[in-house]
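In what comes next, subunit A is part of two complexes: it sits with subunit B in the first one and with subunit C in the second one.
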Partner chain A sequence: MGTLVVDAVISGILTGGVYALMAAGLTLIFGVMDIINVAQGILVVLGAYLSYTLSVHLGVDLFLGLVVTVPAMFVVGVFIQWAFIRRLGERERTAMSILATYAVAIIIEGVLGLVFGVDYVQLNAWYVNQSIHLFSFYLPYIYVFGFVLAVCLLAALYVMLYRTRFGRSVRASLQDRSAARLVGIDVDRVAAVTFGIGVAVTAAGGMVFGATNSFNPNTGYDLISRLLTIVILGGLGSIGGALGAAVVMLVIEDVVAVVWSPIWAPFVFFAMLVVVLSVRPSGLFGQVAGRAQ
Partner chain B sequence: MKRGNAMRKGVAVKTMSGEDKTRRAGRVATRRRWRTISGLAAVLPAAALVIAVQGASAEASGNGVPSKGPIVIGASLSLSGDFSADGQAFDRGYQLWEAYQNAHGGLLGHKVALDVISDASDPGQVATNYQTLITVKHVNLIFGPFSTLLTVPASKVTNRYGYAMIEGAGGGPSAFATGLRSLFDVSAPVANSLVPFAQWIASLPKSERPKTAAYPTSNDPFTEPQLPVAERILQKAGVKTVYFKVFPAEVTDYTPIADAVAASKAQIVLLGSVDVPTVSAFIHAFAQQHYDPQAFIATAGPDQGSAFVSAVGAGNTDGMMVPNAWYGGSSNQLSKAMVAAYIKKYGGTPSDINADVAEAFSVGEVTTQAVEATHSLDGSKLISYLHGNVTVQSVQGPVHFDNVGENVSATIFVFQWVHGSFVQVLPLGDPGSTKIEFPKADWGS
Partner chain C sequence: MLVALAIFPLVFTNPTVTTIAVFTLLFMASATAWNGFAGYSGYIALGHAAFFGTGAYVLAIVAQRLDVPGGSLMFALVPLAGLGAAVVAVPFGLVALRTRRHTFVVITIAVFFIFQLLAFNLSITEGSSGIQVASPNWAASTYNNPYYYVALGIVVFATVISWGLRRSVLGLQLLAIRDDEDRARGLGVPVGRAKLIAFVISAVPVGMCGAVYAYFLGQIFPQFAFNPLFDLSVALMSLFGGIGTLAGPLLGALLLESLQQYFTIQFSNGDLYLVIYGALFLAVLLWLPRGILPTLGDLIRRLPKSGARGNFANAAVTTPSGNPEDGDPRAGPLAIAGRGVVGSRREH
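Right after this comes the complex of A and B.
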């Protein structure tokens, strides 16, 4: 049993990295723009399908393919922001964003259904089935690579937010849009680029998700509830919080699944979520005064 | 009394200002309107019912057959949501039957026309959809939805309106536990689906017989009843249960469950799965853990043709088994005709055809035979006929219903992926069965 628990903890940490990668864009977009992007799940699936197309039709390696899919998803993100989000009024922005992004999700789902059909597919490469034998554990390459990719991308996002001029603009927009405008920040441009970055990161999350799960155009609905849970637990707008919360969620669920029963795993996690939010309504890593507007 | 009231009103009127008079008059008018609305509310449903019945009788004769136009058949299918892959395969099966039937003279001299609504795999929506099909669209006949989960709420609605619900994918015990006489499942009852596999394992010589088994299963009304039946047979044969756990339908991470099965070192695995992603997750996790059971059977997933292969990878299909009543290579003449029609319409090979297509097509075939035998679309006549100790034919073989609508004539086969082909392997000795691959090939072979 001891070995199984350690295995479950390792599995939870590695899989948590994958979920953090998928949730990072969601928390970033909410943090900066007050947009609850319920299309995040389908955008993950779109990222997975882009990788699938490159892999199956052009034989491009999944990780190498990110060189194409990440910029492509950035363009998709900027377009969504320009076409659907930009026009939302300031007052009802958050509530209306749910409707607008839901519409985006339905459109993308419909297009994916037309192009790829509803049969499940999964990304395949040599590292999807192979694993590293370390001590008495088999660590799947895809999860290890996915975790490393998640840490690197989340670190890059962190550096961008806290060590660059653009990041300062983003954080200024996050704290007070009107004040940011007054000091000369082009808030609309910051919003568009941030939305693009948030969606671009999702390309990486989608690739790793697609290599570890079968998916079809409807898979996004299962994902969005989990991703929203992660960003709420981690603290809205917190990149590190997304990683921490994803790891906490997966470790708890995986350990409960092994020690007790898989059927109780989500219950235990959500019970813990309620307790955490009662004590810290802003989430594990959220800043209470961070959103002054 | 009246006078007194009038006097009190008179006093009141005397003290009223013009504005008060207007308000009072408004209140009176409002009260009248409410009375009118209340009256209408009471009368309208009755009127609607009369109009509906008159409308229906204007269109249809006593046996429910429309005087002109097509016979409309309503169905709710999971065209999106969790069951979308199966739902769309079912839709292809229904559409294929519609085209086939119309090409062969239709039904009672009328063309048939399907009216399919998507339920997004939601048990609440499926009930609404059948309510709409019956009370708003006045469809002539009803075909069932996909899955036991959706058939249970749907069958309660259709039973209320006296429709016969003939369906092909609601064979879980909970569907028949409702005791509705209007429900008919043309496919094999699922509770005994794993019995041929368990009996085969039990029949192996002791030296070859696996000694341990693992039973992970999704908490779905289709999967859960199947495993205890197989477990009893295997335990009786000395096969020890080393893992038996139920997991929720939507799992965030299958890895720890699959890893626990791998750690149990069970020699055979019986997986209660409803779809391809679940099977795929277990296969990949087993491969990553270098765990190769001697036999691996899943309740659903490997029967989904090319969808299964594309999800798990061609190298991981070898040796995978699944129980079912039909496969593309079936020697049944009706099945051969359907396979030819399918390939003509959609392309591909017999192995690519999802078993859902055959289940859906069978629904149409059974309906056709019942309607033609009774010369009626009337629900009560169809129900009486199908409960009347008759045997009808379908692409899945003979169909004979017991008193709760289970097809007791269905034969359950076990199919296996062998070197890229999907073949029948059980029951042993059946003319259609080929040599079973045991132990199964290693992953990635």
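Right after this comes the complex of A and C.
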């Protein structure tokens, strides 16, 4: 039992890193634009299907394929922001954005269903099938590679946010949109690029997700409810909070699956959200309670 | 309108048409109930499918345990299903309503998924194999009619609640919360209690609809009872017709649900339908964010201004007792609802 729990903690941390990457995109978008992108879940699935198409039909390696899929998802994100989000009125903007991105999500789900059907598929490569011997158990290489990829991308995100001029304008927009506009930041451009980046990470997240889980067009619902739970627990708009919450939640889920039952692990996941919010309505790491609603 | 709805199944006896009509009525009632909470208070709840599913399972499980035979007796369980939904709504509301606006929306989605998971995994719901509900042995030609009239009864029930809410102190409190919750609290509105009561009330008709739905289909599965598209549908219907108005959700549901059922029968392609549905939803959000009725209300309000002036000019020439309200062709329920909307909108 003891070693099983250790295994669960390790795999929880490794999967948590990938969820952190997907959640970081979601929380970044919220922080800059007050937009909750409910389509993030299905975009991850779309990213997974893009990798699937490249690897099955063109034989491109999954990690190499990211060179194509990440920019493609960036363009998808900028398009969604340009075509739909930009046009929403200021009144009840957040609530409207949830409905609008939900609509985008079901359009994408429908298109994926038309193109790929409802059969479950999974990404395949040598590192998905071969396992690494770690302590007492075997773990497919993809978990380790995916974790490394997620850490690299999160580090890149960090450098972009805290070491570049563009990152400074993003953080300024995070703090106060009108003030950022006053000091000469093109907030609309920042919003478009941020949305693009927030969606682009789903290409990488989707690839790792698709290699570690089988998926079909309906998988987006499960994903988005987890991602939303993570960003709310982490405190909306807080990237560090999203990272912490992702790792904590995935470790808890994996440990529960081992010590109790895999069926009830997702239940504990959502129940955690309810319990935490009953005690702390602003989330585990949140300091956004005072934010203008 | 009510008369037209009452004689509808006597005029259109085609079972396909009456089946569409039953679903449409269920959504008219659900959208109206949802709007009674979300439309008035401004809290977009995306978890009412939890009440729909609860109602469906209350009917299915109670009928199964008590061996209720298929027939009119089954409808006696419908109020019980409404009660079950209300009982479930109390803890749901207590947790979710601690949070504001967008966090609230996300919480309702998360709690909804907890319910769906429970339905899949608890032994009492028999998981994904679902529960059968005994079917009545009514004549095929008029088989749908009892369902139709019970559904119509729920529509009337939901509309009366919504109408009563609007006229009550509670309704005013909800509108105050929608406009500015902090100020409402400062002015002494018991915001927490008002939101919770409205939330629980709005769950009742939705649960009853779920029960009729389960009985009508004759079997119930977790993914259909707890369907995320249901949440989206009631929100879209209310937005389409005019969120926060009395007749808006009725109109929105009437148009959208009948269209949806027609599409499903015509194309029987769920994925194509998803695309069309999503596109329609986006179109409404972007170009008609206030819904049909408020937009129409504005148009109607602009018309009478010129019309009244004309009447006044005529009256001055002919008789001093000329009343512009006399023989007003706009005095239908639509115009009244429209005026109500315009009136409440002016408060902003």
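Remarks
Simple rule for what comes next: the second predicted complex is superposed on the first by the 260 of 293 C-alpha atoms of A that agree within 3 Å, B and C clash if a C-alpha of one lies under 4 Å from a C-alpha of the other, contacts with A are read in each partner's own complex, and residues count from 1 in each chain.
As a convention for this text, a contact is a pair of C-beta atoms (placed from the backbone, for glycine too) under 8 Å apart; a residue touches a chain by one contact, two chains touch by 3 or more.
Please read all numbers here as calculations on a predicted model, not as lab measurements.
In the superposition on chain A, contact of A:278 is made with subunit C only, not with subunit B. In the superposition on chain A, A:176 makes contact with neither subunit B nor subunit C. By the document's definition of touching, neither partner reaches A:188: not subunit B, not subunit C.
Contact with subunit B, but none with subunit C, is seen for A:213 once the two complexes are overlaid on the shared chain.
In the overlay built on the shared chain, the residue A:221 is in contact with subunit B and with subunit C. After overlaying the two complexes on the shared chain, residue contacts for A:61 are found with neither subunit B nor subunit C. In the superposition on chain A, contact of A:266 is made with both subunit B and subunit C. In the superposition on chain A, the residues of subunit A touched by subunit B in one structure and by subunit C in the other are 109, 113, 217, 221-222, 263, 266. Touching subunit B in their complex are the following residues of subunit A: 3-4, 7-8, 11-12, 15, 19, 109, 113, 117-122, 124, 128-131, 138, 140, 143, 212-219, 221-222, 226, 249-250, 253-255, 257-258, 261-263, 265-266. Chain contact summary for the complex, subunit C toward subunit A: residues 42, 44, 46, 95, 98-103, 105-107, 109-111, 113-114, 117-118, 121, 181, 228-229, 232, 235-236, 239, 270-279, 281-282, 285-286, 289.
Those residues of subunit B that touch subunit A in the shared complex are 80-82, 84-85, 87-88, 219, 245-248, 250-253, 255-257, 259-260, 263, 275-277, 280-281, 284-285, 287-290, 304, 306-307, 310-313, 316, 443-444.
Within the complex, the subunit A residues that touch subunit C are 34, 36, 84, 87-89, 92, 94-96, 98-100, 102-107, 109-111, 113-114, 217, 221-222, 225, 228-229, 232, 236, 263-264, 266-267, 270-271, 273-274, 277-278, 281, 293.
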